[in-house]
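Sharing a structure with you now.
All chains are identified by letter, namely A, B, C, D and E, in their written order; residue positions are counted from 1 within each chain.
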Amino acid sequence: MFNTLNIEYDSPAVDKSALSLIASVLVAGFLLAVTITIVLSDKGHNTGLAPLITQNIELSGVTNPVTAVLLNFRAYDTLLEIAVLLVVVLAILPTRDHHAPFFKRIVVSKKNLVLSALQRWIAPAVVVFAGYLLWAGAHQPGGAFQAGALLAGASVLMFQSDTYQVNYTSLMARVLLVLSLVVFITIGTALIYFEGSLLTYPLAFSGLLILLIETCATVSITLALASLYSSFIVSENTSVTDNKHRTIK
Amino acid sequence: MNELSSSLLLPAIVFLPLLAAIIAFLIGRNQLQGRINICFSLAQFLLVVLTTLLFLHEQTYQSERYVIGGWGAPLGIDLIVDGFSILMIALTGLLTLLITLYSASYFSDKYSASEKSLRFWPLWWLLISGLNALFMSADAFNIYVCLEIIGLSAAALVALQGSRAALEAALRYLLVGLLGSLFYLFAIAILYRSHGTLDLMQIAETANHSFPDKVAMILITIGLLLKIALFPLHFWLPPAHANAPTPVSAILSALVVKASLYILIKFWFDVLGATITLGASQMLGALGGAGIIYGSWCAFRATQLKVLIAYSTVAQLGYIFLLFPLSEYSMGVSSFTGSASQAAVYFIVAHACAKAAMFLAAGNLILAQGNGEIAQLKGIAVREPLNVLVFAVAGISLIGLPPSAGFIAKWLLLTTAIESGQWWWVIVVIIGGLLGAMYLFKVLSLAFSTDPAVVESPTSKSTPQVSNVMTTVALILALITLALGFNAEFILNISNTVSEVSGI
Amino acid sequence: MNMSTLLPAFIVICPILVGLAVMATPEHKALQRRSLNIAGALITLGLIGMLLSGVVNGLDFETRLPLLPNIDFVLHGDALSLLFVSLSGLLWLFTTIYAIGYFKDSANRSRFFAFFSLCVGATIGLALAGNLVTFLIFYELLTLVTYPLIAHKGNAASIKAARTYLIYTMIGGALLLTGVVWLKVLAGPLDFTSAGLLAGLPGLNNTHLQIIFVLLIAGLGVKAALFPLHGWLPISMAAPAPVSALLHAVAVVKAGAFGIVRVVYDIYGVEFASDLGLTILLAVIAGFTIIYGSVKALSQDDLKRRLAYSTVSQVSYIALGTAIAGPIATIGGLVHLVHQGLMKITLFFCAGNLAETLGVHKISQMNGAGKRMPLTMAAFTIAAFGMIGVPPIAGFVSKWYLGVGALEAQAYWVLGVLAISSLLNASYFLPIIHAIWFKEQSQPWPKEVAKLRLETHWMLLLPPLVTAFFALAVGLFASSAFSPLTWSALIASREYQAIFPDISGIALKYSTGHLWVLILPTLLLLAMAFKTLRAKVIRLIPLAPLPTLLAALLVANEDKIGQSFLLLTSAIWFIAALYAQAYMANDNKRHRFYLFFILTMIGNLGVVLSQEISSFIAFFALMSFSAYPLILHSESDEAKSAATTYIRWVIFSEIVLFLGLVGKTYYAAFGTEQLPVVWVSALLIIGFGVKAGLATLHVWLPKAHPVAPIPASALLSAVMVKVGLLGWIRFLPLGDATINILAQPMMVLGFTATFLAAIYGALQDNAKTVLAYSTVSQLGIIAASIGFALATPDSWALLLPAIVLFAMHHGFAKASLFFCVGLSSALKPGHKLTPFLWLLVLVPALSLIGLPLSSGALAKAALKDATSSWPLFSTLLVMSAIGTALLMGRFIELMRKQAMLSASSAKLNWRLILPTALSALMCLSYFYTPPFEFKQFQTIVSTLSWSAVWPALTGLLIIFATTKLRAKLPVPPAGDLLIAYQTLAHLSDRTRQKIANLNTNIAQYINMMLSHLQRWSLIVSGHLSKLLTLDTPGTVMTVMLAALLYAFLT
Amino acid sequence: MTSALLYAIAGLALFAIGFFGVVVASHVMRKILALNVMGVGIFMFLIACAKRNPLVVDPLPHAMVLTGIVIAVAGTALALNLMVRIHHIDQSSQEQSK
Amino acid sequence: MSLVMIFDALLIFSMFTLGWMSIFSLSLFRCIVFFVCLGLLAAIAWGRLGAFDVAIAEAAIGAGITGALLLAAWNRIRPHRTKAIELNVTNAKTSQKDTTEHV
């Protein structure tokens, strides 16, 4: 399975050791059969926590149940999840040039018309839509992660054309990356002081606090996902390439 | 412990390392970095000691629940602390303090690994916070997220080295980690579907011999076995632990592997205890036994020092897996109580300290020697007497010879095996001890033999002198293993809080 | 935490702390390290002293720390542990001094001394352990700590040795651990209780206990080097000398033996163990190891390997002592723990010295070492004699108690084992001693260190001397208050409580009458040591026997036999000394001769004077062993072969005597039934028979006497042979019991010896051989009369004075005859004094034959009327005169022939003639008034009867008639039966050779098989691991998933 | 056979395919894709469980899936990064060897 | 067999085949494209099952970001990138130095 990790480009789809082939087909099939029997046989707990959540939805300060669960009932999970994202970003970030500016505009010799047109049209729309999604998260489907993802999509679009160069190891970038975790922790611990136990939002301010956490989360997630993508980008012709390339080391 | 549950101690244990990670990430690489991290580790250690003392002070030996967000079990997430978890947290605190001290000088400018320190420190603290979060969490999905934090940060730390072997080992470790976690997630989904809640205590109450619970238990077992690297599924551990930088391989072998074991024990005995069958526990025992033999054999044939120690981890894990068949008999109902659990807990603590000491000592030897080849270790006892002594003491504890904690653990294991009449485990343990002796003394005999060529001409390129901070840290760990060898009562008192606890 | 709980802990911690401190000291700070070591050793000794005094006056010392749920870490100072602790503490000090001297400038000494003191700390901990778990902890710690010691040199041999050591001890440790855990599960906390823990506990099924016992003994057996598990000991000789000294004498080997003692006594309890049938198993193994170790030691040429194998056998004595379930055997076993330690450490120190100063490792290179390093070799000799079990030294004491204990437990085969092993010990130690002292240095020393003021560095010399002195002192003062013997007796009394017998009966008390008499000779002996005083001392030697002579004559002494023998011995020693002055005047090796002359004198006089069995046998051994160099004096080939036969027979007699005396003392102290007394007397007869030239046992006599210088051979045949008779008189139950089955053969042997010796002697062509054969025949008469006394006990009152008289007469006559042999040059005819000189020859010869008016006739007459109740005896007596006449005729014939040949020396050597004249006078019966009230005059008159004359005439007639016939006959070899015995010896040697190379090729076969196995297992594991390197982890995972499904769902 | 049950079975099928893919696929990229497919499978099962009762929708699985997706992305990104770095080192070593 | 059931069956079947194809199709690029389609179909499925938040997230992250990352990674390991390689080689040498043997 993992013993020999081959990375040559044109290797056959399936490594031919017959033994593993047959065995794994067998078991995969078996697994499928077993799980299907579970699903069929067991009525199980058909409503889960839905009724409980609907009762407490008013206390959570948001009306959208998913956001309520995510940011109020199980806020601790979300906090750790942001930490996970931070782990990966840390692992991938290059270790050099903290001093380069956070944001730089580069004059590009060869312009890619379609790309620049696309950027000009879609990027602003996406940003606006992301803002709406963030705001709507409280009462309609939407929220920090979706908005963050969208913004990251927009940033992917922007970098494709090498016009803008974001250096993720500059101090500013690092602060933004870490922003959501810091905010989350400070609010969480502060609430201990005020409300007695971790992450218990006061009824009056819970909606506001959740919104604050959501915005910071969106910013961090955007930067995180963008940096994930940028680490793979090798743009050939700009001086940034080499240091970016070196970043891959 | 009411003031503990309402106070900020428990969550602080998780958040302090997170803050440390953030600060380490922000300040980047400068001289202060080492010192800041050391005081963070000191703070963490004090915090952990305070919590342990408070917990012990209670003497109620009941597990303490800490309700986050005030929502209560099914809806919100709770943190739960019982004897076993407080012991693991204390162990993590101790090892964090010592290994941070070690890595402060390991990643200092004296050695070539210094420019990696920017990436090392944040990942290190995230790993520690993941571990602490895991030991405290009482919620199934929360455990999944903690497992992920630990898995990803550990893989990133292994990849820190940058050499091809390290990167490949890290990639393999990561893929295995992800696969294991997916199996675990799938099991949670099934459990949620049939029990409607994610809280372990509530699942435990409604767990029965029903079909889905059994399948969930199977998936959890196979997923976590993959992450714990029990015998047949251990292929990823030796390269990962061998190629990681020394402090990382120390914490990996000592604690990270134990984290998934902690979860497996929790599910196996407390949460889904009802679904256990005799055949399954015997099978795990058998795999453990085979692991002891195979691990020691590969350790004996290893040519690299750190590969040898990694394989010895595989072997030592085999010992702990003997817990499953033994506790099955001794206590009738399979709950994590009785002498088998005490033996396993003591083994975990003894192995953690001994293995960490051994890896640090080996790291020092490799630094002094230049490369990790065992053959080149000839006559090193002359140049690095203290490190060889630490290596020997740690080895003695791993084999289970008297003055060390390993001996007490082996003693408890043997007594349980004999009491429960499963004499075949006795033979496995004894043979394991002998095989362990084989590979330890292979290294020691080389260390003691004076190769005339080596003694006269000290190694040509002046290898950096191993800083005495690193040696003293290794020595402290070795002394702890020896100290644990004497007053076994202290650890057993804490761990038998586990035995009184009914539920989790 | 008052003293009583802290002291044991301090004793254990102190060496460990010293070890750690020494490890910290850097390599170059020699002084600091040296002072640390010695201070540590002294402090520990002081603490042990405090503990000792505390335990003696009843205080109880115990440190108890919680270790495991219901098991504590206990250090408890009881009697048994103190024995071992004091031994290790003491020997640690000396080994440290020795090691400092030994490692003057070698590499990584800090490491050595660190592990050295840790090792002693572990040993002391092990000794003080209060329960089996603490014992196990220190037992394993000992393995770990001794590993670097063995691997100290770091070369290939020591690493391999260390590895084998590890393999053995690790497996041993594992077995012990299993046993202890299993026992703990069955029997709860395993505290050592003095009369055995398990005996009292209810409901333990015996088969489990038996299996556990086997496990425990196997685990301990590795360190105690029991037979199958001893492989590591000889190989670990590659370690430096102080290490092998420490390992074999103090730490590792003793730990194993001590463990066995603890398990058998304090865990199982002896009775419980013996009725489980366990002690017999242990006894058999120990017995076999004793023999096996000694046999293997025989064939080793490397000195340290030979000592190692001897350790293998010696340690099993301790196991044997514990296994024979009897209180006295326990004492023997325990005391051997200490004695073997002292002796073995001396041997190893000396071996170390040899290796260090002369570079000698092989026994073949040791020739003439005595001259180069006299003090070390003296210590070596004392220790070697101790190992053989020669009386005064320590080894004898433990063998003595083991022997008596074996009798008490009716385990007669153990006596056999003790005998065979002493024989084997002698056969592998004596050649070394012979090579050291009596062989010239064949080739230059391999690696000689520059000669210092002393023979070697004082630190290397002091320890062996001190330990040798201790070995001797422990043996001599065995029954004093603070000796290890009394201490082990105390321990054994605690072990057995109720059924402990009163052992005063068999205690070893060395007391002799008129001890002041021996002071002068001992002083002279000491003076001999100093080269400057030697010349003056030689002149003083004749004075040495005078005090005893005066004592015999003047001091009234109720022990008539003793007085008369004293008279005989001291008179002849005085004359011999005078004679030797002249005879040895120009002999270049006379210093050595005189040294052993005095030693034999002390031995002989001591034997006659001693009143106790132990002092008797001690002086007997001293006399026999120091006579050996006298025989060897001329260094000629015949002398060498004669000496070797002599020493072999002496060893044989020593061993048989040991068995006999053990039997005698046991039955004297506890004996109830009469039956076994027969074999005791049989053994005594044989034992003393060798010395007294009993028929088949006399073969060494005709070979030894002619070879020795005249004074020596005179002494040999006149006095030393009589000691055998004295032994018979003192120890045989002559007065009280009729033992017919021994009496008849005794008489038959006696008379056959008389007649056959006479005929055989007559054919000899060497004057001294003829005299030797005449001694054999005369002794035949004495043996016969002793046989007669055995047959008719009531005649003993009469017979005793007759025998004593006969012995004294023969002594003086034979001595003067031998002295005359020396005068052969003076007997040349044609000198005005020659007729007088011939008179000197004729008077003793005729008195021997028993012509009227001579002492011989008187003695024969006394004998005749004492045995008048049996006419055949007296006729045979008369016939014996013919034989003597034959011999005397031949003797005179040879003397005349010799006188003719010898050059005519003008001047008569008066300093030779006077002593012979003196002894000739002694022969005439008038001069001495036998101390017995004795009807003096009428017997002298009665000797005038015809029956005294005709045998003499017939004998002389036969000699003259057959002169021509005898000239043609070939001369038969001197020792007649010896050829038979030698062929026998060759046969047994060849069988031993066959057995030896049988087991070598078995061994080769085994390790050839092993290497096949290993190669095969490597190949298989290669394939297996290739398969298992799991390039198919996926499949394995899926297979496991399927297995789990099966396990869970069914 | 309500539709939710159908989706649950589909989810499990995707999980099985993913696992089969991880075991059998040769290239690392395919293994990473297989892991993601397994992820999608589990998420589908979870969402199907949320919708078993046509009237009410249980939001908890949704939150779990959301967190799961973010973690999956993170894992994949790290795996891909490691893969690329390994490939880069191979590439440069080939260049040097050429 | 209402219209909705048909739609569900069709959706499930297509997701199943896309799942298979995204692992075992011939070229890597094709796998990635199939995977992105699978992501989008999954978004539709979540919508169908009433989990709209998740649908948006799946579309944005599952299909969007993951797809982008996969394509970028695929682009990096494609063999044809000759021109870029020479340029990199010079840089590679400099960076190669740093990856000397570390502990």
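By our rule, a residue touches a chain if its C-beta (ideal position, glycine included) is under 8 Å from a C-beta of that chain, and two chains touch if they have at least 3 such contacts.
Just so it is clear, the model here is predicted, and its values are computed rather than measured.
Visitor: For the pairs A-C and B-D, output the one whose chains share more C-beta pairs in contact.
Guide: Answer to which pair has more contacts is B-D.
Visitor: Of the chains shown, whose Cα centre falls closest to the middle of all protein Cα atoms?
Guide: B
Visitor: When the C-alpha atoms of chain A and chain E are each averaged to a single point, how far apart are the two points in Å?
Guide: 16
Visitor: Can you check how far apart chain D and chain E are, centre to centre, with Cα atoms defining each centre and the answer in Å?
Guide: Chain centres of chain D and chain E, defined by C-alpha means, are spaced 10 Å apart.
Visitor: Using mean CA coordinates as chain centres, what's the gap between chain B and chain C in Å?
Guide: Centre-to-centre distance between chain B and chain C: 62 Å.
Visitor: Averaged over CA atoms, how far is the centre of chain A from the centre of chain B? Could you give it in whole Å?
Guide: Their C-alpha centroids are separated by 30 Å.
Visitor: Listing for chain A: what residues touch at least two other chains?
Guide: Those would be 1-3, 5, 7, 13-14, 20, 24, 28, 31, 34-35, 44, 47-49, 53, 66, 74, 77, 81, 84, 87-88, 91, 145, 225, 228, 232, 249.
Visitor: Could you pull out the residues of chain D that touch at least 2 other chains?
Guide: 13, 15, 17-18, 22-25, 27-28, 30-32, 49-50, 57, 60-62, 66-67, 69-71, 73-75, 77-78, 80-81, 83-90
Visitor: Multi-chain contacts in chain C: which residues touch at least two other chains?
Guide: 1029-1030, 1033-1035, 1037-1038, 1041, 1045 - these are the residues of chain C that touch more than one other chain.
Visitor: Which stretch or stretches of chain D touch chain C in the complex?
Guide: 22-24
Visitor: Touching residues of chain A toward chain B in the complex: what are they?
Guide: The touching residues are 2-3, 5, 34-35, 37-38, 41-42, 44-45, 47-49, 52-53, 56, 72-77, 80-81, 83-84, 86-88, 90-91, 93, 95, 98, 171, 174-175, 177-178, 181-182, 185, 188-189, 192-193, 195-201, 249.
Visitor: Touching residues of chain A toward chain E in the complex: what are they?
Guide: Per the stated touch rule, the residues are 7, 9-10, 13-14, 64, 66-67, 133, 141-143, 145-146, 149-150, 152-153, 156, 225, 228-229, 232-234, 236, 241-242, 245-246, 249.
Visitor: For the complex, which residues does chain D have touching chain A?
Guide: These residues of chain D touch chain A: 5, 8-9, 12-13, 15-17, 19-20, 22-28, 30-31, 49-50, 52-53, 56-63, 66-67, 69-71, 73-75, 77-78, 80-81, 83-88, 90.
Visitor: Would you mind writing out the residues of chain B in touch with chain A in their complex?
Guide: Going through chain B, the ones touching chain A are 5-8, 11-12, 15, 18-19, 21-22, 25-26, 28, 66-71, 74-77, 115-116, 118-119, 122-123, 126, 129-130, 133, 139, 141-142, 145-146, 148-149, 152-153, 155-156, 159, 162, 168, 171-172, 175-176, 190, 192-197, 210-212, 215, 235-236.
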